[in-house]
Each structure stands twice: as C-alpha cells, then as structure tokens.
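Contents: one structure, followed by commentary.
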Amino acid sequence: MQLGLIGLGKMGGNMRERIRRAGHTVIGYDRDPDLTDVKSLAALVEQLDAPRVVWVMVPAGHPTQSVVDELGDLLSPGDTVVDGGNSRWTDDEKHAAELGIKGIGFVDAGVSGGVWGLQNGYALMVGGDKEHVERLQPIFESLKPEGPYGYVHAGRVGAGHFSKMVHNGIEYAMMQAYAEGWELLEKANSVDNVREVYRSWQQGTVIRSWLLDLAVNALDEDEHLEQLKGFAQDSGEGRWTVEAAIDHAVPLPAITSSLFARFASRQDDSPQMKMIAALRNQFGGHAVESVKE
Amino acid sequence: MQLGLIGLGKMGGNMRERIRRAGHTVIGYDRDPDLTDVKSLAALVEQLDAPRVVWVMVPAGHPTQSVVDELGDLLSPGDTVVDGGNSRWTDDEKHAAELGIKGIGFVDAGVSGGVWGLQNGYALMVGGDKEHVERLQPIFESLKPEGPYGYVHAGRVGAGHFSKMVHNGIEYAMMQAYAEGWELLEKANSVDNVREVYRSWQQGTVIRSWLLDLAVNALDEDEHLEQLKGFAQDSGEGRWTVEAAIDHAVPLPAITSSLFARFASRQDDSPQMKMIAALRNQFGGHAVESVKE
Amino acid sequence: MQLGLIGLGKMGGNMRERIRRAGHTVIGYDRDPDLTDVKSLAALVEQLDAPRVVWVMVPAGHPTQSVVDELGDLLSPGDTVVDGGNSRWTDDEKHAAELGIKGIGFVDAGVSGGVWGLQNGYALMVGGDKEHVERLQPIFESLKPEGPYGYVHAGRVGAGHFSKMVHNGIEYAMMQAYAEGWELLEKANSVDNVREVYRSWQQGTVIRSWLLDLAVNALDEDEHLEQLKGFAQDSGEGRWTVEAAIDHAVPLPAITSSLFARFASRQDDSPQMKMIAALRNQFGGHAVESVKE
Amino acid sequence: MQLGLIGLGKMGGNMRERIRRAGHTVIGYDRDPDLTDVKSLAALVEQLDAPRVVWVMVPAGHPTQSVVDELGDLLSPGDTVVDGGNSRWTDDEKHAAELGIKGIGFVDAGVSGGVWGLQNGYALMVGGDKEHVERLQPIFESLKPEGPYGYVHAGRVGAGHFSKMVHNGIEYAMMQAYAEGWELLEKANSVDNVREVYRSWQQGTVIRSWLLDLAVNALDEDEHLEQLKGFAQDSGEGRWTVEAAIDHAVPLPAITSSLFARFASRQDDSPQMKMIAALRNQFGGHAVESVKE
C-alpha cells in the first residue's frame, strides 16, 4: 500500500527503508532537503491517493502539534493520521478530537526498537478505533519483528502511547537494577571479574534479558566503563509514567527512584545535599566540605 | 567423576539427576530415607574414593553449618567441599577457614535455575581457589546450560554466593518493574487488554526478557491475577544485597524499594500508616478510618 | 478594614472569627444559609466599599474557578481577590491573568494551621504584586501567629501556594519519618515502652518538633494505635509537589516515598504484589498465598 | 555522687562540665594528657569508692570494646559501667554479658545534644536492669534538659542505643525532607526568597521544629549555601537503623532513601549511572557524556 511518512530522522529514515523492503510505497517528507522525497507537506498529500494514510514521526510536543494542525487543513474526510512519535497520551486525545471533527481518523503508535529496528523490526503498541487501525495493518506488519509478538492493538486512542510510556518506565527500572548490581559487584572484595559474572548470567538465570546482553556488550567495549561519565538524560516517558501513576494513585517506587537517580546524575553539586551539610554543620562539629577546600 | 551430594530436596534431587545424565557417579545423602542413597554422612564419605568431592545442597544457616562441621570431621586433607546452597557470602569465609585448617578445600557455588534447571541447566557462579574450582570442572560442565554462558569463576571464596546474591537483588527490582508497570496499565482507562500488551513486548522491545515471558505465562493462566493475593515472601538474598550495599556505601534505591514492597505486602495492616493516620487526626479534621467502622 | 470572605467551612469560619477579633469587619458568604452573612455573592460585593478586598476560601479546582469567574463579573477595577484555598500554583497564574484583564488584583495565600489556627494563628505564605499584597497587610497581621514569624511574601503570583505546597510535601516526609521510627521501635525486642521514648524526645533532641508533640498526644490517647487502621488519604499538595519536582528535575526520594506509602495504604490488596507473587509462582515452587486459601 | 568518665573529647568534656555544675564529683580519664584528670584507667578506678560507676564515652566499636575489656579486669562485683557512646545495640548485649559474668552491671545510654548539650542539656535514652539504671539516676538528672522530658528508661540492655539509633534514623529523613523542599523552592520561578519562606515556617505551621530553626540559621549565614559542597557523611546509626528494619521486615522507605542520598553525595562520579549511560549508548543514538569531552 501507499504511505506518507513525515520525519525522516534516524527513526523515520530506517522505518521508510523497512516498509519499502516489504514492498509498500513510501513518500517521505522532511524539512531537510537531503532526506525528503517531496518539497512540502502539501506536495506529499497531493501525491497520495485518497483515502490517504500519513505517518507522523517527528518529536513530541510542538513539532507534532504543528504537523497535526497542518494535516488537518490538507487532508480530506476518510484519511487517517498515525502519530508514531513519542507523544504524551493526553495529546493523542486532543489530536484525535481535532482531526475527528474533520472526518479524519487518528491512530497513535508507540514504537520501540531504536537503531536495531531496521534489521530486527520495531515493536508496535497501537491505540485507536478498530476501523482506523485495520487500514494500517499492512504497514504494521511490515514494521514489526518476524514472529508472533511485537504488535498489539492496546485499546482506544492514547492506549498505544500509554503502553509505550509504561514500557519505558519499566525499562528505567530494569536498567537501574542492572546498574545497581554492577556497582555493588565492582565494590565487592571477593569478586575479581564482574564482566564475566554479567556474561555468565546470559543463560540459565532468572535475569537474562536483552538489556543484560547490551550490558555485556558495553563491558566488552570498556570493562570498567572508565570512558563514560555517570550522567544520564531522561526522556519524557519516564516522567509521564510517574505522573500517570500519581493520577491513578499507584505507588511506583522502583521506577520513580530510577528517574530520580537520573535527575541526580546530572547535577554537578546537589543543592539538597548542601542543605544536609549545612544542618549537620549547625548541630555541630561535623566535618563539612566547604567549596573553598 | 565421582561426587557426594548432600541434600536431595527439589533442587538437589534434580541436580543429582542432571549430573548422572552426564555420566558421572553421584552418591546422594538425605535425611529422608526415601531419597537417600546411603544411610549416613559417614557412609557417604566412606563410599567415595579420595580425594573426595562433596557438594552440600542444604538450607543456609544452621543446616549448612552443621553439615560443614560434620564433614570437617569426616573428610581428609585433599578433599573438597562445595556449598551450593544459598549461604551468605560471609559464611563462606568462615567455612573455608574452618575446613582449610584441616587441609580440606572449599568452593562456594551460587546456583540459579529453579524447577527449570533439570531441563535447561543451572547457571553457576563459583568462588574459591583455582585448584579447588578446577577439580569440580566436570561437574560444573554437567550442570550448566548448553552454550557459552551460564558459568563463571567469579573470584575467591565467597564470590560465588556474592554474585548469586546480587543476581537475586537485580531479580527483585526487575520483578518490581514489571509489577509496577502492570498495575499502572490495569488502571489506565484507554488500555483494554493489558495481557496482550505484555505479550507483544516479547519481541522487538527493550524490555524483553525471560521474566517477561513468565509474566505472560502467568497472565495466560489468570488474566487479572484474581486468584492470587498481593503477598510476597522474600528470601535472605534480597536482604543481604541491601546489607552489602550499606557496607560498601552503595545507593541501591530500586532494589531496596522492591524489598520494602515485599515487606509491606505481608502486613495485614501497616503500623506506620496507623501513625500517619493518627497524626492527621491530631492536626485536625481529617477523615480517618477507625477499626470500629 | 473591611473584608469579604467566601467560604465559611471549618477553616473559613474560624478565620472570620479570628479576623473579627482583631477589629476588622468581615462580611462572609457561604452557600449554607446557616453560615452566611449575606444571601449571594452579588450581595456581598454590594455591601463592600470600593476598592474591595475579597478572600476566597473554597475547595481548589472547580469551586474556586467558578467563584473567581463570578467575581470577575461582579468586581470593579481596583478591587483585589485573595485565593486562600489549596489551589495548585498553576491555577493562580490563570486566575491572575483572568482578573488582571479587568483591572482586578490577585493574591494567592497558602494557609497553614488547621483546627489550631483560631487560637494560635495561621501561618501565611503569600504571592502577588507588592501593591496588592500591601493592601491585605492588616488582614494578614490579624491572621498570623503572634511573634516574628508565620508570614512571608514569598514572591510573585503563585509563590504563596507553591510555598504552601512544598510545606505540605515536607510535612509528608516528616510524618513518614516519625511513623517509620515508631513501627521499628514497636518491633524491637529490647524496647518496652515506645510511647515513653517518643515522649522523652520532646526535649534536648535533634528531632523535637510540633509533629512529635502531636505523635505523643496520639500515643497518649491510644498507646499502640489499636483503634486506627493504617489508612491515609493524601491531598493534592503532596502529588503536586512531586509533579513540580519532576518539572524541575529535582530528585525527591523521601517525599515521594511518603506519598507512595499513602497510596499503598489505601489498597485492600496490592495489584503489583499479585504480579510479584505470580512471577515467583512461575519460576517455581515458591509458596504463594492464593485467594482461595 | 562520684562518677568516673572515660573519654573527654567534645562530648565527654562538656558532659563532665555539666555534671560537675550539678554538684557531682567527676574523675575524668582521656589518653590526651591535656584533658585527663588521672594517668590511667587503673588510677581512675583506684580513685573511685566502691561501688563504682564508670561512664564510657569513646567511639563505638574497637575503642569501646577495649575499654570495656579493661574495665572488666579492673572493676569489682557491684560496680556499674555505662556506655554513653554510639555503640550498636548488638554490642550492648555482648558487653552486658561479658561484665555480668564478673558481677559488674551494664547500662547503655543513647545521648543526644551535640554542642548545644552543655547549655541545654542532653536527651538520654537508657537501657538496662532497673537496679543498675537507678544507681545512675542522679547523673542522668544532671545531664538531661530541665523540664519533664529528655529522659527515658526505654527497656532492657540495648534499648537505649536502639532508641537513639532510631532517633537518628528519623533525623536523617527529617533533614532530607527540609533539604528536598529547599531545593525545589530554589528552583521555582515564582518564589523570590526561599530563606524568608523557611523563616516564616517557624511559627504556626505543621513543620515547625528545631531542625527548621537550624535551617534558618544556616540560610542566614549563607543564603544559597554557596560556601558548602553537597557532600554529607553518615554515621553508623543511619546504617544500623536500616539493618534493624531489614531484620524485622519493616519497610523504611523515607529513612533509607535519605541514607542513600548521602551515599550518592560522596561519589565524585556514580558508577551505577555510568552503566545507565552505557546501556543508553548501546540501544542507540542517545547522547552520552564521555570522560574525554
């Protein structure tokens, strides 16, 4: 089938390639003239036969909003828009309503896979009305990994991004788990070779996983991670997961502490620990490190 | 080769079977007359040719201590004892010293695999002197999974149990991660089918793992886990992981919060939350649930 | 001076009393005919001499929004509205803008004191433009406790509620601290009389505080808190504190874990711990409590 | 009455002074010849009339152990030893048993007060048999603050140090609460003057406390704590509190996260966050800060 694809960055570009390999026609648009197949969004829409399907793969927030707004003006009743970016699930409801008034369908798709997706396929979590989701099925089939898994129609509009968001929250805590264990093993006097311990865990253990395989890769490249700083960004999804948990009064201690560990990792000096030092100083006699030392 | 194996419960019995299938001779001892091959520890030792190798597979703490004490009296210089149970790594150092005085070698082996081990093999994390570990190599080979992983000589005495302990700590936080995510998805209004979301994650995602496969199995048996109570035991390893982290001043927020969630799950009513309720009551006018309601 | 006061519930009613005792004129409005001084908001506005000052003391969210909307229609340029309820700081900016267009000033006031406020005074944290805040000074003086503290002009619009929100976040973690310590002492074999330990801490210790005094009061009424259930509500402020921390990438582990403890306290059975139990069940042989037991 | 006092450092020296001011006779011993009243422990014991009371005020662990051992040899049946240092409660049981065999009584006393104790008095939490505790009553009276509180006989041997340990655990979480709140307020755009917000809280609020007063003192000295590094030591008590909680299966999220925040504050670079960075790097395309940048 025919697909319009907006946003040809690292993710979008690879997805175009994977969909084309499956025999579909993809017309891509990107602001970067070296990447784009057409000169404008209007040209993209013009080249597609109605009813059109347009996949939006641009950053969450303003970029996605402005593409959705523009598509609302350019598309026709019966067309369908898929947001495959990292939008917050609450934006999906807005976008679906905005387009729905004009008779345009909306589907949200959480996409996992990163740089490995072109080769291995992308896991897809999809939200939307059945009729809109079904139109996309050939594209979803081309993107997903071979095998029985890697695709789900999770529920109504927003369910795709919500599921992907929770996936990322779980990912935060799993990464934190392997990271905490690694630091503790590195500190143990008796353990000589932490890298080999991690490697051994790849079979027969309860904690074998793809992330563990990645950890072993990383340790093979740099056994004690001496080339890296203990500095980790966080994306919107981790934060939104905690916010969603607060909305639903769900305790989320492991995921939240993983998010906070990332916040702390980015502080050169911790303001709150200055206050702890100040209080210890006040009640007396505790050695405190001052900036001037 | 020839191996004495003490403790023929669920783990020990299956391990005897797997070692025998690999062509080794196992003489097993258990207090249960239906399980044992010999009548006593003394008889076990007598039946083995020197230098003997005896694998201890009994519960950590007093049971392991008393078997080690008895073996210290029964064995001869040049023999080797392996503790394959869940001992605390600090016990290993004591046992190695106690046996070492008598010229008996000591190896500690953390064993992972549970009921799946007989078929899939057991992951082994081993600590001890090279000469003692090497004597055991054929047995380790027979127990471990096929393939390049699943076995490591992690370091000196204690390193095996320390590594297994950290493995279990990581396991706690990974289980907690999947559990938190599941509860949040179950609460989401937009997501219709949480089980299918979990199933879809088994391919192409960052969080695919053996534990995820188990989660899907569990949801297939009982989609909303209505047949279970939210009640989880913890074994020594989770607690020891946190204690080891405290010894080494390593922050362990995700693993520790996972341990605490299990503690809380076993309380019918939380004493500390009674104090919160009492304080709210004191500063006024907050609705508090009293026992009498 | 003259003040209009909207909302005469437990807080508003006591505040009216305290302001009147200081010699000011308060015209109160409440939907409850037994409490109100006037029949309608319009009547309230009519009875006040311009430039008017109207204090809104109704629940956050829709109730406050609808009073602000109505006041926007009823008041005149030069009048001032104070929101003394528990509004989210982000609402303050909206309300200030909405009223500002009409030339009406807006001040937000976080109020602490509960049922003790009538007698001891209310701590006030205020946000807004200097000119608007200054008009309110006599009222603030009448409400605040005697002594040098208990009042602050914290910053621009929103700063009052933001400060009060953080106050409540800190309160959550302090309450949790006393609660955790109490449970641990109650479990200790050596400690006979936890209540007397708490009582003794009221002098000479680092942790003496008003909340500690309340804890002792509570233990005097019910030494082991046997009349209470471990069940604690949370108000918006605790949640908003965590959300604000996420917005600013500030790690907030103690406050957040206190909030999560309250969430968990309200669950009859923990869904996430069902998943932990299910996973333990899957990898074998762990005793799991089933609902049918 | 007469008291032998061993250890005349900052705490011990001030305590000697406060006890003397109350009219008691204190013979002090310290290894530092500038501080000591006598030349040796033997000389101290010789100068006291039987039955003797000797207060040990030296660091926990080996120093306390060696003084207790020596006193076991020097003292006579009927004498009493008080450990007023920061010993772990489990050491108390050992010391009581060791001295008890020789007919010497043992009392453990947790002492709070720091540099403010000389003037304001020391809060005392005491464990031991009634007969031993009663002999010390005049000394306890002289040390404790004026007023009804500040002293408790908490239970049997160990109860004093256990109570003091929990006091310090609570202190950790309270300090963390004020610290988290401070950092969040400092980040808020609307709040101009965080110091004045903290100052205002000293009256009429739920969170007024002695620690809050200290926080205000600290902010008066250095409004944004620019002269301090966010670096905080921890003493044994915080760690032991978490270990005791693990022993009793008590969840302690706020106190434990406060301890972990201190651990993290002392790391120049976080090993575990290096692993997070490494994993993000592996699954692709995330910007990672490398050491070489």
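Structural remarks
So that you can tell them apart, the chains are marked A, B, C and D in the order they are listed, and the count of residues begins at 1 in each.
We take it that contacts are C-beta pairs under 8 Å (C-beta built on N, C-alpha and C of every residue); 3 or more make two chains touch, one makes a residue touch a chain.
The structure displayed is predicted, hence computed values, not measured ones.
If you take subunit B and subunit C together, the chains in touch with both are A, D. With chains reduced to the mean position of their C-alpha atoms, the one farthest from subunit C is B. Centres computed as Cα averages put subunit A at a distance of 36 Å from subunit C. With each centre defined as the average position of its C-alpha atoms, the distance from subunit A to subunit D rounds to 46 Å. Mean C-alpha position of subunit A lies 33 Å from that of subunit B. Multi-chain contact residues, meaning those touching two or more other chains, occur in subunit A at positions 114, 176, 178, 180, 183, 206, 211, 250-253, 257, 260-261, 264, 272, 283. With chains as nodes and touching pairs as edges, the resulting graph is complete, every pair of chains being joined. The touching residues of subunit A, when paired with subunit D in their complex, are 10, 114-116, 175-176, 178-180, 182-183, 186, 211, 214-215, 217-219, 222, 225-233, 253, 257, 261-262, 264-265, 267, 269-293. Only residues 206, 234, 239, 242-243, 246, 249-253, 256-257, 259-261, 263-264, 266, 272, 283 of subunit D touch subunit B when the two sit together in their complex. Partner subunit D is touched in their complex by these residues of subunit C: 89, 112-114, 117, 120-125, 127, 144-145, 147-159, 162-163, 166-174, 176-178, 180-181, 183-185, 187-188, 190-193, 196-197, 199-212, 241, 244-245, 248, 250-255, 257-258, 260-261.
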